[in-house]
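Listed next: structures, encoded as structure tokens.
Paired with subunit B in one complex and with subunit C in the other, subunit A is shared by the two complexes that follow.
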Partner chain A sequence: MIDSRPPPSLHLRRRRLRDRLATLLITAGGIGVLVSVLAIGVFLALEVIPLFLGADAIDTDALWRPQPVEGAAEPRHRWRPESLGEASPAHYGMLPLAWGTLKAALWALLFAVPLALGAAVHSALYMPRRLRARLKPTLELMEAMPGVVVGFIAGLLLAPWVELHLTATLLLVVTLPLGVVLAVGVRGLLPSPLGRRLPLGWAGVWLMPWLLMVGAITLWLAPWLEAALVGGDLRGWLAATLGLDYAARNAMIVGVAMGFAVIPGIYALAEDALNGVPDSLAEGAQALGATRWQTLWRVVLPAASPGILSAVMIGAGRAVGETMIVLMASGNTALMTLSPLEGLRSLSATIAIELPEAAVGGTHYRLLFLAALVLFLFTFLVNTLAEVMRTRLRRRYQRREGGA
Partner chain B sequence: MARVDERRWLRWMSPLLGVLLLLLTVRVPADDVIGPLSAVGSDTLAGPMLRWGERLAERHPGVRLQLQASGSASAPAALTAGTARLGAMSRPMNDHEREAFIARHGYSPVELKVARDALVVIVHRHNPLESLGRRELDAIFSESRRCGADQGIERWSQLGGMLPADRIVLHGRNVASGTHDLFRRRALCGGGFRVRLNEHPGSAAVAAAVAAEPSSIGFVGLNHLTAGVRALQLHDAQGRVVSPTPRAVRRGDYPLWRYLYLYVNLPPGSALTGPEHAFLELVLSPQGQAVVEELGFVTLTEERLMQQRDWLASLPMAE
Partner chain C sequence: MRGSWRRYGEGPWPWLAAGSVALSLLMLLALLLLLATRGLGHFWPAEVAVVTPHAGSPFAGIAVREEASPGDTRRERLYFTANRDLEGGRWRWIELGEIARIDYPAELVMMERSRWGDLVGRLVALEGEGESHVGEAAWPALQARLKALERLRDERNRLRDEVVMPLVRRLEAVDSDEARAALVAANGRIRELQAAMGGATLIVESADGRRVEQPLEEVLRAWRPNAMTLSDRVVAWGEGVWRFLSEGPRAANSAGGVWPAIFGTMLMVLLMSLVVTPFGVLAAIYLNEVAHQGVLTRIVRIGVRNLAGVPSIVFGVFGLGLFVHGIGGSLDEWFFSERLPSPTFGTGGLLWSSLTLALLTLPVVIVATEEGLTRVPDHQREGALALGATRMEMLTRVVLPMTLPAMLTGMILAVARAAGEVAPLMLVGVAKLASRVPVDGDFPYLHLERKFMHLGYHVYDTAFHGDDVQAAMPLAFATALLLVLVILMLNLTAIFLRHHLRLRHEVPSRV
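Moving on, here comes the complex of A and B:
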């Protein structure tokens, strides 16, 4: 056979080969990732199936219905995978664990979302470029902190401190935001030369000493206030009047610790989203006479909302899956209360604690895989929801922009 | 040309290299105890195991002990799966675990007692409580109350007028731990813990948590007592109050004392490897028992030591 075309030069052939090879590798990588994600789900499902089918099947009601518990009058949700003989079989209630996971994530987001979004808005819209260039890497450094270290600090240092200074801690939650509002209000009243010395963009710097002072005053006043308002014993008062019992390792501590872990992620994504809003939009709004607040609230935030939403959702996904912080800071008590002052036990921490002792192939082992599957579904749902809402918001926003 | 030269050089050198290698292999067995030694199991026994490993490495520099201490329940699992031949446990193997081992290997693991210990109930150092009875202990930690208490004890004030009304915060070990299991069997009469029990992955963490929280109570091994916590006295069967001291454990007076165990995967009639033999010999020797004493545990009786040394001596020697 004779090819009529001139033979391609060696150089060209080599380049084509390289192209094809690169394409092949990239495709293989993409498919590989997809397959491995699917394989995780399939593997978990396969490990779990014998719980529901076959000779070793367990009563599925036991997974999510309250069961009679030895020593308790009424049936309860209970996770205790060890059997204590005839009188007290093992309890496989999955609900307290799922509850613990969601509760930890909820309190973490309650702490992290306002702080992270506030920081993102401030740094994207108000902060001078010089300061922002320093702040972003610092916050990213915070993300690099290992969960074990955060959990350790929360469990062994923060928890005992908060227990000793409970009144002060609860007061700080109120006084610090109030302090910020007060400072900004006072700044507005200052004569203009002094006010110009304290630009809004540098608020993060000049607010620090002020907030430290507010914190110190709160700490100093707390025992006095506790004595005056609740007779000097806040925990006793909480237990007596509100029925809230205090555990040192509680959802509040977990929320703060895990909040610290998710803040950098939420901040970084939300900040990028806000930065991505074209300056022309904000400038246009201000040119039409909108105040800074109106510009932010009516123009910039809606435009950035898809990105902000996905930032929050990714934070939620991280909070749901986080293991070491919950393991070390929560006390691992499988309770089902909403109270921020009591402990919890999450799915991921349960897997970490119990998998080493579970006999391979046993019921307990398979239950832990079921827990893993539930966790997988949780994160899957959160991420899918984030993606769906993000695309929908983006489409709506684009249509509006196109119509204008 | 250069390549050919190189090859010629190699051909000339290889017999020399071979002789050198032979010499090396002949040289090393002067100390025939060499090789890896891996153990899995109890967190309570982690301290003595590591110390024994160090002593062994002093005697036989070729031996390194690798220890994974994640809880007693991990020992039978590892022995059964064959990932380790030594398993350290702070409680005896239960029937279930033994059956699983036999089903896999066809024989029982060898059980050696290596030290005595006590489960100590600890409170914060400022807690004025002195002692607890068996029923009270059960009523505090369990919800099943199998030891016969009429009602659960949830607040300190239920134990005496001068104590505060705070809720008792419970600290203990994770389910994989032998300490957890043994406390449940012996102190709770086999019942179950309250859900409120804070589960920690190590005994040191329990002691640290109790030291940090005035309203807490917990249980650890004798060697984990720290300055921040105080050990409670317990009532024995006759109603006498006993402190958890090494002396009380030695005499068997303290109600919650226990043995610590080493399990060995050893087919009947076969020999231990050199490092295993040396390790067990060390553990049962006076030096090994001195380590036990140093770390706050209680040594075995001379009788029991002799008996186990005899067993070790009766094993066929490795070639």
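Moving on, here comes the complex of A and C:
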């Protein structure tokens, strides 16, 4: 029967030809995406090569080792791309910039990871489905906040406010968790119908006014505590006993602002990872008498750990590359300290500030391209690793569910 | 410890996890509230107080905020006193204990001027053209004159932008007597208008009794904030918001509106979405419908993820190197060599910005479209193929129409992402103050090589590069609010569309 099919008509042949052409076009589009990703890396690398090869090559040691600096006895790391005459050449020590980038990312992750993972655990395990369906888009909106607005608020509002209320800000780190614990205690003392109106699943909502109150009380108590503990001048005390300088725009501000920006990303991926763990595992643990928290800690979390790690890594990649927040909230001073109370200057902010002014093709220009290449390679590595981890995890559970 | 916690369930940890949800939501809420109040409050005609200190002369100003003076229990209040030409500054801190009296006299007049910023004081007289209005009669006369002035100013600006500037550009290209005559006539008319605008002078007395002679032509608006009723204020607020949205910036971006920035942002994201949507959709179809699900697709998928993770500033550097200096430089050499060394395409501009952001938002479109494609049930595809459709017919007639909302979602999300991105634009074409918008009446109407203004960059620039940041802050807040509102609206639309899409496809697949 199949053999007696008539030869394809002209119409059919034209249709097949169109089909093949369109497939070709689509394939080209798909490959084009891959090529464009590679093109970014290759192009940046090509622009950077003259730094290391050829007539204009610079001393690569100068980029990563301390150099003699006029006015200082010992060699130092310094980034100062413009030369101030014969006696004072330009300094291209990139280490302070790399340091600043990592420091900003570190403080941002210190702030964001506990909050994001806490939120992910709470919404994956405890929240009612209806509330979770609302929370996810809300946090998506949080992710959509443009960096320039977050940086603007952080640099011009948060930084001066924290400068005035440093004690209260540091106290909040302690009082907010304490406040949550206290809320649980108070809830336990409430008569049972009222206590039942405040279930754990909705705690993310009803704790909001409570935390606001805790914050207000902390603000109100802070001056007295400051007077009692450190003689009324925390900044003076920090400088005298710990040797910490204070800059209005500092790593702590950057950490909070950039933390705000990376929380939703980490949350979304971590929640996906927690939800991806087959229900059968958690159900088994609970059937054996484990509480939900024990189930989480002993069963779900270990099972989801590669996914959660990849969420944190992708968050780190985002924090390393974020430009506007660091640019506006960090003060942009190239220092090499770990102190959260001092400023920093990151690679990305340096590129944004200096590249428009750098002479095209010059050493400074190519060095900034090198900075971009470093950022690209770093995020490329981190993201590829995270993606590989995620797919491997997903396939593992797909197999398990399929086999069950 | 363990035993006592058992009463409350599972220990403090679940509660702390809930607390982190609450704290994240609180931060988001605080940010939005802050933007809304500070951004919208700027346009509210606030009451002007006349503050009489115990020592020294009185001054008039709008209370801005209070702060505890550092290392002290006393509190200070900041007043916006305007009158920069008189006082040298526009701000004044005063300790609360030093204030003897605060009045709100109804006759205080506040004026917005084209030079020196605002002026506040009592209206003494309006003189000019042989007339003189003194005392109470001066206020209605001033309002009438200001209306007339605004008409004259509008006509002058229209003449300058729509007649003189095109003529000048035409004369640059070809010399013709006819155009020359038209230009002379237009310039004559502008001079006439200028003369009609001048002449009148306002005499204003500041709160401490000094008199200022203010040429009327520099006054843009005048209002008596303390004499306004609530409905007056609401109207004035609405007018303020409208001016903010429709006018161009003045005084080095520290006053006026943001219309050119709104326009620039919209045009740029429009061009960008024209570029990114076809490529994104093609790539998604390739990944999901055409390619074998093997090593290659996996690598492409990882590539897409990576593209999403590359920092935006790196795209900016790439755009600067490849588009601006590479392609743009070559274009200049080939087609615009007569204008060199001043670059045409070899400098940042609208086209390069759109292309850079298109590359940046490509993964957004791909991911959203792919999600839509995977949601189309396989039996739809199989049905189409079984009826004899080629793969392309199956795609264009069955699958793609069902994926349309997903593509739209991807496009909207891409636009939202691009509208908020500033860092790459700083390298490839944003301008602090673009002298000409990229669209005008000159051929070819759309000028892809021009620099443009952008809302996000406007926030950064007004907040960080002005000479009086304090004065520019309200404007930066308003601009930031506008930007956030646009992005939130786009995102909410996308979320709604996606939700709608899920509902639509979930129902038949269950049946």
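By our rule, the second predicted complex is superposed on the first by the 350 of 404 C-alpha atoms of A that agree within 3 Å, B and C clash if a C-alpha of one lies under 4 Å from a C-alpha of the other, contacts with A are read in each partner's own complex, and residues count from 1 in each chain.
Simple rule for what comes next: a contact is a pair of C-beta atoms (placed from the backbone, for glycine too) under 8 Å apart; a residue touches a chain by one contact, two chains touch by 3 or more.
Just so it is clear, the model here is predicted, and its values are computed rather than measured.
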item	value
Fit or clash between subunit C and subunit B when superposed on subunit A	clash
First (subunit B), second (subunit C), both or neither touched by A:T384	second
Touching partner for A:P356 - first (subunit B), second (subunit C), both, neither	both
Partner chain in contact with A:G331 - subunit B first, subunit C second, else both or neither	first
Touched partner set for A:G343, first subunit B, second subunit C, both or neither	first
First (subunit B), second (subunit C), both or neither touched by A:L109	neither
First (subunit B), second (subunit C), both or neither touched by A:R18	second
Touching partner for A:L200 - first (subunit B), second (subunit C), both, neither	second
Which superposed partner A:M252 touches (first subunit B, second subunit C, both, neither)	neither
Partner chain in contact with A:A303 - subunit B first, subunit C second, else both or neither	neither
Partner touching more residues of subunit A, whether subunit B or subunit C	C
Among 26-34, 116-124, 152-160 or 296-304 on subunit B, the segment whose C-alpha atoms clash with subunit C after superposition	26-34
Subunit A positions touched by subunit B in one structure and by subunit C in the second	155-156, 327, 356, 360
Residues of subunit B touching subunit A in the complex	70-71, 73-74, 77, 81, 100, 142-145, 152, 164-167, 169, 174-176, 184, 190-193, 195-199, 201, 208-209, 212-213, 216
Touching residues (chain side subunit A, partner subunit B) in the complex	69-72, 78, 80-82, 84-85, 87-88, 96, 155-156, 159-160, 163, 235-236, 239, 245-249, 327, 331-335, 343, 345, 353-354, 356-357, 359-360
Contact set on subunit C toward subunit A in their complex	7-29, 31, 34-35, 67-68, 70-71, 279, 282-283, 285-287, 289-291, 298-318, 320-322, 325, 359, 362, 366, 390-393, 395, 416-417, 419-423, 426-427, 456-457, 459-460, 463-464, 469, 473, 476, 480, 483-484, 487-488, 491-492, 495
Subunit A to subunit C touching residues, read off their complex	15-16, 18-19, 22-23, 25-34, 36-38, 40, 43-44, 47, 114-119, 121-123, 125-126, 135, 137-142, 144-153, 155-157, 164, 176-177, 179-181, 183-185, 187-188, 200, 203-205, 207-208, 210-212, 232-233, 260, 263, 267, 291-294, 314, 317-318, 320-324, 327-328, 348, 351-352, 355-356, 360, 368-369, 372, 375-376, 379-380, 382-384, 387-388, 391
